[in-house]
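In the two complexes below, chain A is the common chain; its partner is chain B in one and chain C in the other.
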Partner chain A sequence: MDSPRPAPASDFLVNKKRVRVLGLSFDDAVKIFFGGNAFVSVLVLALITYFLFQEGFGFFGQNHRNLLTYRQAGLEYVDYIRTQESAHTALTRYLSDLRLRQFSHATLEKKLTPAAANESLVAFDNFAALYGDSVEPLRGLVSELTEQATAIKTKFLVAEDKAVERQQLTAEGKIAEAAAVQIETVDFAVEVKALTGTLPAYKELAAEFIKKLDAALLTAPAMPTAELTTRLERFRQLSSDFTATFPATTRSLETWDYTRAVPWYQAFSAFLFGREWLTASFWQDWYGIVPLFMGSLMVSLVALLLAVPMGVGAAIYVNQIASAAEQRFIKPCIEFISAIPSVVLGFFGIAVLGQLLRWLSQQDALAWVPGFPFSERLNILTAGCLLALIAVPTIFTLAEDALQNVPKAFKEASFALGATRLQTIIKIVVPASLSGIISAVLLGLGRVIGETMVVLLCAGNRIAIPDFTAGLAVVTQPVHTMTGIIAQEMGEVVRGSIHYRALFVVGLGLFFLSLAINFLAQKIVNKYRISIG
Partner chain B sequence: MSALNRHILQSQPSAARRWEAAAVWLFRSATYVILLCGALVFGNIVFKGSKTVFTTTAPFINVAFLTEAPESLYVFEYQGKKREMGDREFRAFKAQHPDASNVKSESYVYSAGGIFPCIVGTVLLVVGSMFIALTLGVSAAVYLSEYATQGRVVTAIRLAILNLAGVPSIVFGLFGLGLFVIYLDWNVSLIAGWFTLALMVLPVVITASEESLKAVPKGFREGSLALGATKWQTIRKNVLPYALPGILTSSILGIARVAGETAPIMFTAAYVVRDKLPWEGLTSVSDFFFQGVMALPYHIYVVSSKIPQNEYTERVQYGTAFVFLMIVAAIATSSILLRNKLRNRYKW
Partner chain C sequence: MDIKTPFTASSSGRSSPVSAAPVGAILIDIDHVDFYYGASQALHDINLKIEEKKVTAFIGPSGCGKSTLLRCLNRMNDLIDGTRVAKGQIKIRGIDIYDPSVDVIELRKRVGMVFQKSNPFPKSIYENITYGLRLQGRSNKSDLDAVVEKSLRGAALWDEVKDRLHTSGLGLSGGQQQRLCIARAIAVEPEVILMDEPCSALDPIATVKVEELIQELRTKFTIVIVTHNMQQAARCSDKTAFFYMGKLIEFADTRAIFMNPANAQTEAYVSGRFG
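So, the complex of A and B:
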């Protein structure tokens, strides 16, 4: 067809001359214009990927350097000992909890006055004080080492900044100024010696520490009830577990070497599996996505747990049971709910729902509910309830579409065989549209996980992995989410810093998560659609 | 004996029937619980917000709230009387009463004055972004429904649209920050917000437009082509005019979404506070496009998260939420009503 051939001009009676620019007629140009506009969506998707990568990918290099500095400046070394100190602090917290229990036992069961109760606990207080104070020498060492390590780190960072300054000046052609920049070289071998030199002192301290702990344990008074006695036994166990970790720590300290390389994959694994998101700290910044991801996941799960039965139930009702007049009323109403802006819902959560849920949780009649009563009014539950309201219209609309697409013949055949309406719905209509319903739920999940304002305002914004040992009560804890952290911290970070790039990487994760959810939803619809022919 | 009187084909009470009735009630209650929740949120904000926006005296509408800029609110006690004043009023009061200059006052930011700059900003953002989104979206839909033939490019385009619809709004915000604000160096500006929002609603507009175009019967096109019109003439005279009402109404839902989003404009277009209105202090035309604005959704975020909840701040919080909700609700309602009307008008 494309081969040039002589134009048989005389074939037609009327010949219309078309104006051609660059070989294109007007109609071709129009087509290209429309096609170009259609291509914008592909372009946007590509640009999103590109810019998220461009801004975010430098994070991994920076994080690698961050981790390297952590080791070279000896922060890692100090953290070995610091971990011991914080483990001891956790134990003393156990003791104060034990004291609280004894105190309430004394006041409630034995009906002692608070003063008398305190009197009866003097022996225990002495024991607790002895146990608590035994850490003091170690604490002194830690704070001394902390100062030294921070000094090394600061020195190193300043030197790096200066190097960058010199580079910039050289690039600008200001050779004289560049040469004038004083760069202090940091010799880690010498600097770190000051830290590792304390090892013999630490060993002595540790031995002393164990002795003191054991001595303190011997002075523990007897407990008034069997339950408290088992608690004290548990404490003894924990304490001996704690002292059992000492040799391992000493070994880590002995074998610690600042020159050991940080493998490149740690920059990734520290982000993907890091359990801490800690920024702008005086000691060491950590960028671990796990707490944020868990937060997003928990909030979404609660939302789906509420939204799926409601949304699918409503879809079944409207599509299969409701009268035409009811349908005409309900459908626009639910569409209307989907138009409520999420920031307004978030505000409603702060102003009303949070307080309402907390008030409900403090009612005696509801004390049996796990996690009740709670004191944080902004938590997973509050955010989850509001997100459910956001997910419901999505799930409802798509599930209703799926139900609508089930051929009438299926239903009629079922009725003809004598099935009741409920049997038809549960055994015929819903299974036939199941792929559509599942993809509706998945798209609802995508909507919820990407929602920003509600979680930013109502999830409590505490960066911590939810404590799953609390059982179902976990839903009353505050969390922070992936979307929330971007919205909250992006306004405050320095462009190009590691923190800024880390937020872009979180965005990248969110982007791919949403693509994966979308992909899965499409796959399910296409693969498991019942062939209706 | 009622059992004897019953016709043989009349339905009998049975366990299956009782189960069915119970299940129907379960589904029905799920439906109405959803509506109730929606009504609760709506009712709460309308009830409390209307106290701010409406007044019991003459104009019945709180004109100051709708036409003034936000100010700080000062609460203080003077001569045994508790007074609340906005920033300007408080300063004038202090000038009048010299003995009040050292009076102890509590201040709450943004809690006095009005929200006029936010309304203006939101309207500007919506109008601009919808203009861009409609241009891009309708053209794309025309291509997809009129020109495109099954092929790799078209599959890619459809896949892209489908996936774009699922991208979280905050990711669009990051993208806008990366591309428009930083790379193109537009800074935090109206135009960066326009493009970010427009690209975000693009999938909605394309899908809605394509549906309306597909609804125009084939015969309209064939008739026109048979009379010798070119493809573009056909589309312009015989397809678009019939599809346009449908396109516009469906796109109104897109407008509601644009107006309601906060996350994409947080880093691209919105200022927490700005003294000047968008048309004040411009030195050139381009300045208009490259300025940040205040926006209602962002203002709600700021007043509900950055200032404490109490009787003094509640006024502006609920008032802003009410005005915003009313704007969005008006847009959404008009879309739903128009669509229902159109459905009845065009029947081919």
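So, the complex of A and C:
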């Protein structure tokens, strides 16, 4: 090809003469490789987020239907009465506790033999039996109603399943077979009448119940000590509080209406503030995140309480006080902890730490520690101790970095003014690195909240809100956690079911929690950089 | 470079310090000191007497040991691993400061220091100045207030910062920060103030202010200043010591060092032929 103007001959080497494959130079290939990697990570993050949201948000619609069925099938109605029954059960537990106290008083203080002690408690036992048995008619009613309501719900669910089956058949083009599917429509108005029809019977029964309780209370024998008398008085108070709730319950039963709509926000609030996580129940499934969240929170708090002094203290020691030889030894040791697989730590927790803590708690010399002795080997404390071990390397490494970043000039100035090493650390070095240390702690928290294996193995996996009335002893209770529940239940649930989606929403919650913690840590670190200048 | 110009310029500004000052009492007696960083010897047989209420300047090319010697005077070198005074003694008011019975914390309260790069703490101006006093357990508010004002006035900074004592010391300009550091040092009322190239990071105007400040401080404190800037040594100091390769080459009245050096190396350095 002849160009009209021939290019001027030049020995000025600016032309690109590199080797090209598919039109790409080596530089281009490298650029594409790295760019591709970055792109893939962004894409994966986007996909994960999308997937979480897509699977998670379906939950709220399903939960709304779940709550609607609960009302329409009359389960809600029955639960009003059931609440009374369980409140009464709680009262009888109080009585058993009172008996236990009297018994130990009789054997320990009065030095009676167990048989003699039991003998002395006959009057109390009669009273307790009278009080406990008074619930029987109510209990009978509840179990009768439970059966009816369950029947209604089952009928409704079967009808729904059939409808789905017909839809599928129609979609597949099997019209004849679809028409053959029998769908029994559930007329809630009729079904629920059977439940509400028992209201007069209930009213009569409740009045009788109150009378029996009051009569039983009159037979309560006198207590041997002032302390126990106070407890009995407390019981009387609780009992009268209990009977005072009856009119309200009756009102709820009278005004109950199965047609009342369930507001849409309840699908959210029942999840966010629900105090029960109850699945695969014959009665009603509840998906409330509170017990799981509280479990995660408590375990993380215990972990942080242990890990912050340990991690920050070790960082201060290594960075400010230790000799070079000590540094060379301690730093790799602490960093090595993070190399232990968490399942191994969990295993250690079950086999060693849980046993050890329980054994310690049962030593008489340690009986003064709140919560000691305890019998649950796996609890908040055990899991918290192990999680602390997981958080320590994170907190240590980041806090040490923060301390390292404190300009040496600050330390020199402090020493030159006649400060001791300790004064310099406390008054200059730690305050100057405080934001770095705080963000180290936050990242440690993020690490702990997301940790799964250890809590699944060591937290005890009892789905209940910890009983904070126990004070500090709350840490000896078993809990379940947000991460643990996902790991435990995700394998067993039916894809697309409400339970499956509920687990996704828990996952979403974790996702946002970690996001918030990391964001906060970043913010604090940035502020810190500016302030140092 | 003509070395006479700065010197004559400064001496025309005020009476010559050398002729005006009587022979002072010896405050610091550096007696045949050898100093090592690990295996390498940084100071060779230094023998020097620093007079009370005078400004003594250490000059010399980089790495000559002048900063090392300065940091020996309040034992700041203790903070560096492997350093030691192998031979000789440093006595302040007759007391060997490297004696095991000496409390280094007490020593540093008596011998204050201002560093090359201004290093106010990331705290308020007020807290910066009261830091040393609080370390000594003084916490009386009106007492501290008085010291803050006195120190800031002493460092010629009071008028500039009196309305923002509780804002961060890091918000000040470079020169102000350095004067804050001087104020912080004089707040604990030391006898000696060591200055390690206090103006090397400052602009000319800030430098002038700090130099003027040094002239005021010399009436109350004994000042030892390390400087790279020969004009500064000529302008500010009464006595000058010239170091080279870890050895004290010449120590004399400043005027003598600059006008009439006895040693050929000194002459070469102060006239700018090397360094």
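Assorted remarks:
Simple rule for what comes next: the second predicted complex is superposed on the first by the 496 of 533 C-alpha atoms of A that agree within 3 Å, B and C clash if a C-alpha of one lies under 4 Å from a C-alpha of the other, contacts with A are read in each partner's own complex, and residues count from 1 in each chain.
In this section, a contact is a pair of C-beta atoms (placed from the backbone, for glycine too) under 8 Å apart; a residue touches a chain by one contact, two chains touch by 3 or more.
Since the model is a prediction, treat every value here as computed from it, not as a measurement.
Shared-chain residue A:A38: touches chain B; no touch with chain C. In the superposed model, B is the one of chain B and chain C that contacts more residues of chain A. By the touch criterion defined above, A:A215 lies against neither chain B nor chain C after alignment on the C-alpha atoms of chain A.
By the document's definition of touching, neither partner reaches A:A248: not chain B, not chain C. In the superposed model, A:A207 lies in contact with neither chain B nor chain C. Judged by the touch definition given at the top, the superposed model places A:T420 against both chain B and chain C. By the touch criterion defined above, A:P407 reaches chain C but does not reach chain B.
Once chain A of one complex is fitted onto chain A of the other, the partner contacts of A:A324 are limited to chain C, with no touch recorded for chain B.
By the touch criterion defined above, A:T483 reaches chain B but does not reach chain C. Once chain A of one complex is fitted onto chain A of the other, the partner contacts of A:L366 are absent, as it touches neither chain B nor chain C. With the contact threshold set out at the top, residues 420, 423 of chain A are in contact with chain B in one structure and with chain C in the other. Chain contact summary for the complex, chain C toward chain A: residues 74, 76, 79, 81, 105-106, 108-109, 112-113, 115, 117, 119-123, 131-132, 135-136, 168, 170, 181, 184-185, 188. By the touch criterion stated above, chain A contacts chain B in their complex at residues 26-27, 30-31, 33-35, 37-42, 44-45, 47-48, 51-52, 54-55, 309-311, 313-314, 316-318, 321-322, 330, 332-337, 339-348, 350-352, 389, 392, 396, 420-423, 425, 443, 446-447, 449-453, 456-457, 483, 486-487, 490-491, 495, 503-504, 507, 510-511, 514-515, 517-519, 522. For chain B in complex with chain A, the residues that touch the partner chain are 16-17, 19-20, 23-24, 26-28, 30-31, 33-35, 37-38, 41-42, 44-45, 135-136, 139-144, 146-148, 153, 156-157, 160-175, 177-179, 182-183, 199, 202-203, 206, 230-232, 253, 256-257, 259-263, 266-267, 297-298, 300-301, 304-305, 309, 314, 317-318, 321, 324-325, 328-329, 331-333, 336, 340.
Those residues of chain A that touch chain C in the shared complex are 324, 407, 409-420, 423, 427-428, 431-432, 531-533.
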